[in-house]
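Okay, structure first, notes after.
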Amino acid sequence: MSEPLRVLVWNENVHERNGEPAGMAEYYPDGIHGAVADALRRHLPDAEVSTATQEQPEHGLGGDVLDRTDVLLWWGHIAHEGVDDAVVERVQQHVLGGMGLLVLHSGHFSKIFRRLLGTTCSLAWRNDGEQELVWTVKPSHPIAEGVPSPLVIPRQEMYGELFDIPDPDDLVFISSFAGGEVFRSGVTFTRGRGRIFYFSPGDQEYPVYLQAEVQQVLANGVRWAAQPGLARSVPEVSNPPRTWLT
Amino acid sequence: MSEPLRVLVWNENVHERNGEPAGMAEYYPDGIHGAVADALRRHLPDAEVSTATQEQPEHGLGGDVLDRTDVLLWWGHIAHEGVDDAVVERVQQHVLGGMGLLVLHSGHFSKIFRRLLGTTCSLAWRNDGEQELVWTVKPSHPIAEGVPSPLVIPRQEMYGELFDIPDPDDLVFISSFAGGEVFRSGVTFTRGRGRIFYFSPGDQEYPVYLQAEVQQVLANGVRWAAQPGLARSVPEVSNPPRTWLT
Amino acid sequence: MSEPLRVLVWNENVHERNGEPAGMAEYYPDGIHGAVADALRRHLPDAEVSTATQEQPEHGLGGDVLDRTDVLLWWGHIAHEGVDDAVVERVQQHVLGGMGLLVLHSGHFSKIFRRLLGTTCSLAWRNDGEQELVWTVKPSHPIAEGVPSPLVIPRQEMYGELFDIPDPDDLVFISSFAGGEVFRSGVTFTRGRGRIFYFSPGDQEYPVYLQAEVQQVLANGVRWAAQPGLARSVPEVSNPPRTWLT
Amino acid sequence: MSEPLRVLVWNENVHERNGEPAGMAEYYPDGIHGAVADALRRHLPDAEVSTATQEQPEHGLGGDVLDRTDVLLWWGHIAHEGVDDAVVERVQQHVLGGMGLLVLHSGHFSKIFRRLLGTTCSLAWRNDGEQELVWTVKPSHPIAEGVPSPLVIPRQEMYGELFDIPDPDDLVFISSFAGGEVFRSGVTFTRGRGRIFYFSPGDQEYPVYLQAEVQQVLANGVRWAAQPGLARSVPEVSNPPRTWLT
């Protein structure tokens, strides 16, 4: 594994381009993708981290780009429907073939997440700037390494159950909110040969991605999801002859 | 729960209409759907069992039909692509809302199964009339009740790993084949409020559904997947006020 | 299954005999076991519900008693160490052989629970009369049927993560507390042929078992864990000859 | 992680000392522990690999030894009952505190494995020198990396279902045998903070541990189970004050 890890941070980049919420330009001057990429560069000095946004041709997610991506991070919120189905299909194929995928916060409603999971991915939400406490419930998981429990987020949008997802492979974090709701905020899945991590903290209104502990979770997630030595190949049907037992 | 259980057996009915394989008309004179429905009527005397086929209007799966269905069984093989996307969408919504779904054998490649699971659902196969042994690995599961281990199927198409599915909620059966392959042949999933059971034995060339033990598995699967008392409702996004803690 | 379900509610019965906490005699005049048994009789009119307590010979858990028990409920708190190891061994064998087991509240530290799970079963706790909200996260599970989400418990001891248990088969409920902690409050396991359900609400200081919704959960748990038609047999080693393939 | 990984291969060493089976001294001249340690040294050049055997004081598993062990491998067969309970208790505490554990082949009946899992760990077996095929069913798992599917073991003891274990966290490998049986041959668990991997191939009568692919699995397992940066601490009960929400 002497090759550098190749990480791509994708953002719809619509809040940023619209300049709303107004405060966003202060805490995320380079956009959410810029902040996340910057954090990953610091936490994963052996990685090559780049960014892509929805307004680019093919949303910045051409086949050659994905071929060179070990782990893709996905942030979207108000422009999910504007993502081209052909690009979604392409990303899905790469995940099934072994590319890692981290889906962040409101990305729960992205086409790619819903397509990979098969459920509505709906949830309860309330934007009231509540304290969120992120509790580790599987301390042996690589994504929990070095993360305090609870991880305290002073102000955040509430995401609450019922979170309509399939049973995850691993439940790493459960959050509570000041209003009393709970949420499975850190969950892993595998689909095909690919590893998927969903992490709910992070929003356009609160500078959550500037917290070192949140950055640690994302960096851990990238390391966990990456399979740099794997030749990407989607599982295929085969019709083998009898050869094993005679 | 004094209401009878309402079960619908769906078949693409293409092998039957084409008259091939030729022997099929002998062991399945009323089609695969007819044989399965007949078996369920005997094993579940408290159920109302009906059938539907692909050539019917809306494939026999109109909204009013699904509203009256507690558990849907799905058999398809060579006509998956002919299933209308709008019907697939409708069935998915009913599953997410709480309808039980049993997917049988080559239904692994049906649109509805792939859409609910998010993977390719590909596998290895070989049609060589091999003996299949179905071993119970979770004896406490309701679907395993009264099923011998192994359940011996004298001649059957081989389905082998890698079966590209998400980790199931429960792995109930693992099969081996005379050629040495293995297959996760009985697996459960939940998606939304719905319970899903996939069972691989059963084919157009071998009269597998006439075996009493296989019928027992299907009847167990129907009982397990049914939620007759549940008001069907797909999980939805909500935006609740703070009310629990003050 | 015309036979009545046979349910046994076990309690260490030490708080009751000691008369502390003082208020307990008011809300639980027949002890916790009496209250739980009474609730189950009303919710499961087809069941035969009896009770046993620790001060009885063999703790009321002789082999003949367990032979006649489909589901055992276990409540203990301050006398875990006083439970005889031979009785624990016997109960474990019955669970592995197919008897259902519901472990309640402070029973998380019982010998039988720790022995079946292999972990410390430790947790965080605080007795401050806090509101507990029990959220359903797997609505398709039989134990969640008819249970509101959240189920509100006005005053309760706090149990918080890290709850040191193995990954459960199914995570049905997650609780939050007014102090901000979360807890996996409703979890299922299988061990051998037996089904196990742990449910954390319920304490000697708060009349939680008098709440109809809590009673509904317990009744659902009993129905789910029961396998009345199963001949009890612990999985055993076997040394079969080659007979399947020739 | 500049510190070398510290791996300890433990063997009851009874077959070796008794000189039976006779051929064992040829393929395992340094014992099973010697062969496994040698293989790990080659596959994990960054690791410090040592061995310990049952006849040593404290079975070679003193507290100071375990303190310096990141991953322990366990091979035992005919002397399980001779392992001191105090040592078993000590190993369990280290696993719960974060030490990795690989249990090999007949170690399924070891005291430590049964204590950590809570079940009988019984299975079917037949010593008939049958071909075993080890199929990967979770290709995204780190333990499957670089392992062919199937991994072919020409002659091996048969281990078959029902394998009485709890549902594993991850099912990585399923084996079939020439006689038709199947076995969950590669399974992971977590208990406390520790990661556990059970791998069934390997026996005193067949030189299975000399196969490069089997060695690859063990090396992958060691890497996966290791948490070298973790301060070892068994989860404990705590009684925190209200501090998070006020």
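Each chain carries a letter (A, B, C and D) given by its place in the written order, and its residues are counted from 1.
In the analysis below, a contact is a pair of C-beta atoms (placed from the backbone, for glycine too) under 8 Å apart; a residue touches a chain by one contact, two chains touch by 3 or more.
Composition by chain, UniProt nomenclature: A, B, C, D = ThuA domain-containing protein.
Not measured: the values here are computed from a predicted model.
**Q** Going by the contact rule set out at the top, which chains touch both subunit A and subunit D?
**A** B, C
**Q** Same or different for subunit A and subunit B, where same means more than half of the interface numbers show up on both copies?
**A** Mostly the same residues form this interface, as more than half of the numbers used are common to both chains.
**Q** Which pair, A-C or B-C, has more C-beta contacts?
**A** Between B-C and A-C, contacts are more numerous in A-C.
**Q** What chain lies farthest away from subunit A once each centre is taken as the mean of the Cα atoms?
**A** Farthest chain from subunit A, going by C-alpha centroids: C.
**Q** Counting in whole Å, what is the centre-to-centre distance of subunit A and subunit C, each centre being its mean C-alpha position?
**A** Measuring from centre to centre gives 37 Å for this pair.
**Q** Just how far, in Å, is the C-alpha centre of subunit C from the one of subunit B?
**A** So the centre of subunit B lies 33 Å away from the centre of subunit C.
**Q** When you check subunit C against every other chain, which residues touch at least two of them?
**A** Within subunit C, residues 131, 133, 138-139, 150, 160, 162, 167, 169-170, 178, 180-181, 190, 192, 235, 244-245 contact more than one other chain.
**Q** Chain contact topology under the given definition, line, ring, star, complete or other?
**A** Basically all the chains touch each other, so complete.
**Q** Considering the complex alone, what residue numbers of subunit A touch subunit C?
**A** Within the complex, subunit A touches subunit C at residues 131, 133, 135-139, 149-150, 160-163, 167, 170-171, 174-176, 178, 180-182, 184, 245.
**Q** Residues of subunit B touching subunit C in their complex?
**A** Result: residues 98, 131, 133, 138-141, 145-146, 150, 152, 169-170, 178, 190, 192-195, 227, 229-230, 235, 244-245 of subunit B touch subunit C.
**Q** Flag every residue of subunit C that touches subunit D in the complex, lowest number first.
**A** 92, 96, 115-120, 122-126, 128, 130, 160, 162, 164, 166-167, 169, 178-181, 189-192, 234-245
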